[in-house]
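Two complexes follow with chain A in common, the first pairing it with chain B and the second with chain C.
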Partner chain A sequence: MSQFLQVLLSGLATGSIYALVAIGFTLVWQAAQTVNFAQGEFVMLPAFFVLIGMSVFGMPLWIALIFGLAISIVVLGVLFKKMIVEPILPHGGITLIIATMALGILLKESVKEFYSAEAQPFPSLFPGDPINVFGAVLSLQDVFNLVISLGIVVLLTLFLNRTRTGRCMQATAQNPAVAEILGVNVKRMILYTFLINAALAALASFLITPVYLAKFSNGETLGLIAFIAAIVGGFNQIRGAIAGGLLIGVLDNLTAAYVTAQYRAALPLVLLIVIILVRPQGILGTSEGRTV
Partner chain B sequence: MYHKHLLAISTALLATAGMAQAQETVKIGTVAELSGPGAPAGTNWRDGIKIAVEEINAEGGILGKKIELSEYDTQTDPQVSRALVQKAIDAGAYAILGTIYSGSTMVNMLVAQQNSIPQFVGSEAPGIVEKGNPFVFRTSSGAQKGVPALTTYFKDTLKAKKVAVAWVNNEFGKGGRNVFVEEMKKAGIEVVADVPSEQAQTDYAADIAKLKQANPDAVFVYMNQEESARFLIEAKKQSLAMPLVGEVTLTEAKVIELAGGAAEGAIAHVGVTATATDVPGIGAFAKKFETTFKRRPTHDAIKGYVGAWTTKYVTEMVGELDGEAFAEKMHGLCLKAADHPKILLDTCWDDRGEMSRPSFMVQVKNGAPVVIGTVPAN
Partner chain C sequence: MNAHIRKISILALLALAVLAPLGQGNYIVYVLTSWLIFAIAAMGLNLTLGYAGQISLAQASFMAIGAYTTALLTLSGWHWMLAMPLGLTACFVVGLLLGYPALRVKGHFLAFVTLAFNTLVFLVLRNEDWLTGGSYGLVGMPRPDFGLFKTMKQLHFYYFTLGITVLAALAMWGIVRSPWGRAFKALRENPIRAESLGVDTRRITLLAFAIGSVYGGLAGALITPLVQFIEPGSFGLAHSLRILLMVVVGGAGYFFGPFLGAGVVILLPEILRFTEGYYLIIYSALVIVMLVFVPTGLIGVWGRIRERFWPRQQVRADMSEGARLK
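Coming up: the complex of A and B.
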């Protein structure tokens, strides 16, 4: 029983990080009707901004985290929108998808070239003191990961549903033309979406890297799993991304513990195929009609 | 007609000049994991070789010829490593130094064999010296020699009755796991959990939970550097209480750097370690390495260093740059550190290229590996 609980709680902690990254897919989809295949690299990069802050500028950890967050918002939010999305989007969604793939490779290879191909240690944000929960041992880090991720999701949902700006963002996502007629500053709302995506990616990076270690290739697996989590949960719903992330995190750990460790990497793909066959809109997603 | 003669003479002169140039140096190819998951091992291996080459060239080179060292990055990809060994040989390499990852070595060593080129490798999978390849030589003991050295530690020091094994599912991990399970069987120790994980795996929560559930007296951890670090971090998170004992990598400097405090208390048997500063040659090498590269050397750095110096010693014993004669000389050869100081420890190679030399038990204390015992050559 304690092993099951241990695996379940650890899976939830990891799944909550997947959920944060998956929400990024959902947000970009809603804002630009495209898939950002560089999302994994968006999570890999902020950890290196923090390391640069600490090693090059001699910043203490918390200042370096703020520095990393600020740089991430500028580079992965503002510059991504201005330099990649805005010029390419008029040429079609597929063109932009390919551009994000190229961006992912560029970011990965740049870190490899200019920082290092080797994994780097990344300081933990919270103490690693263990907490005993009915026989299962969780570290404070896992607990904080879970609490912070879910807290951010709740805050984001409240922001989108309960504030004027959030509702304007939703209106922009649903129908930008009508939103503009109604006086919504569509361009600004889309920018906000990209800024939130960049901040979420940075946060996920700060939470996951102490365990995964900072490495140029981290985005490959994270990006793929989060993409699948977003589809499984429902690509057009934030709550779907959360459900997908948590589900994959838990199932991955349960599979490794009770079925097979060798084929755990295949699990998200199997889940993806099943969902596409049985419920294409995802577990909590809604069907969308589109003219092609 | 005149032009044809002129062209022929010019070509002949150029070829002669080229040969004369080629004969002035000895080309050695370092084929190593300089990027990808194997980068921590490969870069140390390369840097150890660099120091050796600098020393050898300062002493006049090999047979009076300076070494010309070329680097090739396998990206930790076996197929790339195979192509690069061929590339190094095509460029005129007299010897190949590398690779470290057993999966790569298993693939690329056939290329060196087909070209009769001696190859020193840092790999430890038992299968490497069991293929009948007369040109491959280890720079540290294989798992079938290193892992059995741990049996007495589990049996007599830890007095373990039941153990678990956590291993990375690649050529290196499988080799070590198989030898360990066999050794435990012989020693009458029960293996209560057998937990494989994938190369580059990031989440070890389920693996550690399984080990905790099995409740062994000790866990044998056999993984590459980054995986070892992530394993130790998760083990600390879940308060895995029993001793974690590994072979070579578990107490490496890179693992300690990545795992931080989670590496504290980890124990490993290492063929050679830079912390054995009581051995004069190792102390001098470690100091030079730190001065040059501003970091502490790992055992891979020492392995590369020994590989390069062995190339010099044995070539000068043979008296010519002849790969086949070199390989023949290596089989059954023992080099004494007293006569060949840069070999660091008395070392022997058997007729398969397997290596024997005294080894060490180390434990991570206060963030650094400390020698806690020595193990005689087996």
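Coming up: the complex of A and C.
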């Protein structure tokens, strides 16, 4: 029982980080019909910005984290939107998807060539001391990860539901034409969505990299899991992305512990195919009309 | 371009393909052969992406299915000509089974499902080592032997591959010009209109995907005797992406796009060898720049140049519009 609890809690901790990545993915999809295949690389990269801040500019960790967050918002938010999404979106969704795939390769290879192909240690933000919860041994890091990412989700939901800007963003996502008529600055709201996506990716990066080490290829699995979490939970819902992320984190850990470690990576994929067969709108999603 | 010039230029290209490897070293012939093989895989994906407008990220795993089926059968003594059709059938069936659920849903779900599928196939190939040899792969597959014409020599194998490629291209030409092919195009240009004219869009898309997968399988069946060594790593997601970029770079929806795209992707690393590790960086940056300015691919670049210097009289602008990704 205590082992089960331990597996469950550490699964929730990883899952909550997946949820952050999946939320960003969902937001950008809703606001700008952009399916970002480089989302995994967006999570891989900020950790390297922090490492550059520390090793090249000699910043202390906390300043380097702020530096990393700021650079991520500029590069992965503003530049991504202005230089890739805006010029390519008029050519169609598929063209944009392919461009983000190329961007993923570009980011990954650049880190590999210009920084390092080896996994880099990343300073842990919290003490890794083990603590005891009802007989389950947990690292304090997992607990902090869970608390912080859930905190970020709560703040984001409050922002989207309770502030004027947040509600304008929701209106933009639901119906850009009507939002524009009602005086919402649609372009600015879409830009905000990209900024939030970049910030969420950076935060997820800071939380997950101490566990996995900073490596150029980290994005491959993370990106895939974020898509799957978003689809499994429901592509058009923030809470769907949270549910999907947590579910995959927990199932992943349970399979590795009790069923098979060899096919651990296969589980989210099988889950994806089953969900698409049985409930294509996702567990919490509402179905959108099928446009031929 | 009028039909005459078209015919002559196709014949000239074919003659070039026959003459190109003569007097070249084994390595160049090998590179040319793999260009043809990847062109076949890209041709299949072009049907799915360029004509039916669906992204598939599983072309490498269909190559794997074709390659492993052919490899296992030829290793147990079958002739390649018998083993290959079985591999293709396997690809067709798997394509139908995979496409059916994905195409029930709108949007780009096929991209995600095929992405997942590619990873699954990789895991199975790596973990089930009683059948696939695990990460060590399979070695020593024989090359097909037709009595008088043996393909053990690199040059002979090149001509064998060229023959198969020409047959595959002719079959594709037939498909694209058949009622099915017209339906694929109708679907891409205007799905609502196609549906209202009685085209069963889901069935047609599914069929396009399955036929595209068969071409992937054929490429796999040819890779097996060419390299005579296959392992799971050669069929990973990165390779599916590579084939997808071939189609896009060449020009999705154009018949000759995949040949051009495969040529660029296979030959560019040889030309850019002096850039060493920076090759992929340069290449992916070029792809992004190309998508910003000429989303129709390199064939589209040629079209633009031609329009610029030899503009044609335009009768109806809406009819002259070329293929375009949605």
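Definition applied: the second predicted complex is superposed on the first by the 289 of 292 C-alpha atoms of A that agree within 3 Å, B and C clash if a C-alpha of one lies under 4 Å from a C-alpha of the other, contacts with A are read in each partner's own complex, and residues count from 1 in each chain.
As a convention for this text, contacts are C-beta pairs under 8 Å (C-beta built on N, C-alpha and C of every residue); 3 or more make two chains touch, one makes a residue touch a chain.
Being a predicted model, the structure only gives us computed values, none of them experimental.
Colleague: Sticking to the clash and touch definitions up top, decide whether chain B and chain C on chain A clash or fit.
Modeller: fit
Colleague: Touching A:Val7 in the superposition: chain B (first), chain C (second), both, neither?
Modeller: Touch status of A:Val7: first partner only.
Colleague: Could you tell me if A:Thr95 is touching chain B, chain C, both of them or neither one (first, second, both, neither)?
Modeller: second
Colleague: So, does A:Ala243 touch the first partner chain B, the second partner chain C, both, or neither?
Modeller: Touch status of A:Ala243: no partner.
Colleague: After the superposition, just quote the angle formed at chain A by chain B and chain C, using C-alpha centres and rounding to the nearest 10°.
Modeller: So the angle at the centre of chain A is 70 degrees.
Colleague: Name the contact category of A:Ala265: first (chain B only), second (chain C only), both, or neither.
Modeller: A:Ala265 sits against chain B and chain C alike.
Colleague: Looking at the superposed set of three chains, what is the minimum CA distance between chain B and chain C in Å?
Modeller: Shortest inter-chain C-alpha distance (chain B to chain C): 6 Å.
Colleague: Find the residues of chain A that appear in the contact set with chain B and again in the contact set with chain C.
Modeller: Of chain A, residues 112, 262, 265 contact chain B in one complex and chain C in the other.
Colleague: Chain A touches which residues of chain B in the complex?
Modeller: Chain B residues touching chain A: 34-36, 39-40, 43, 169, 195-198, 200, 202-203, 205-207, 209-210, 212-213, 226, 229-230, 233-234, 236-239, 254, 257-262.
Colleague: Mind pulling up the chain A residues that touch chain C in the complex?
Modeller: Touch residues, chain A against chain C: 35, 84, 87-88, 91-95, 97-99, 101-103, 105-106, 109-110, 112-113, 220, 224, 227-228, 231, 262-263, 265-266, 268-270, 272-273, 276-277, 280, 288, 290-292.
Colleague: Using the touch definition from the top, list the residues of chain C that touch chain A in their complex.
Modeller: 49, 53, 55, 101-102, 104-106, 108-109, 111-113, 115-117, 119-120, 123, 127, 191-192, 195, 201, 237, 241, 244-245, 248, 277-278, 280-281, 283-285, 287-288, 291-292, 295, 324-326
Colleague: Over in the complex, which chain A residues touch chain B? Could you list them?
Modeller: 2-3, 6-7, 10-11, 13-14, 112, 116-121, 128, 130, 137-139, 141-142, 210-213, 215, 217-218, 221, 252-257, 261-262, 264-265
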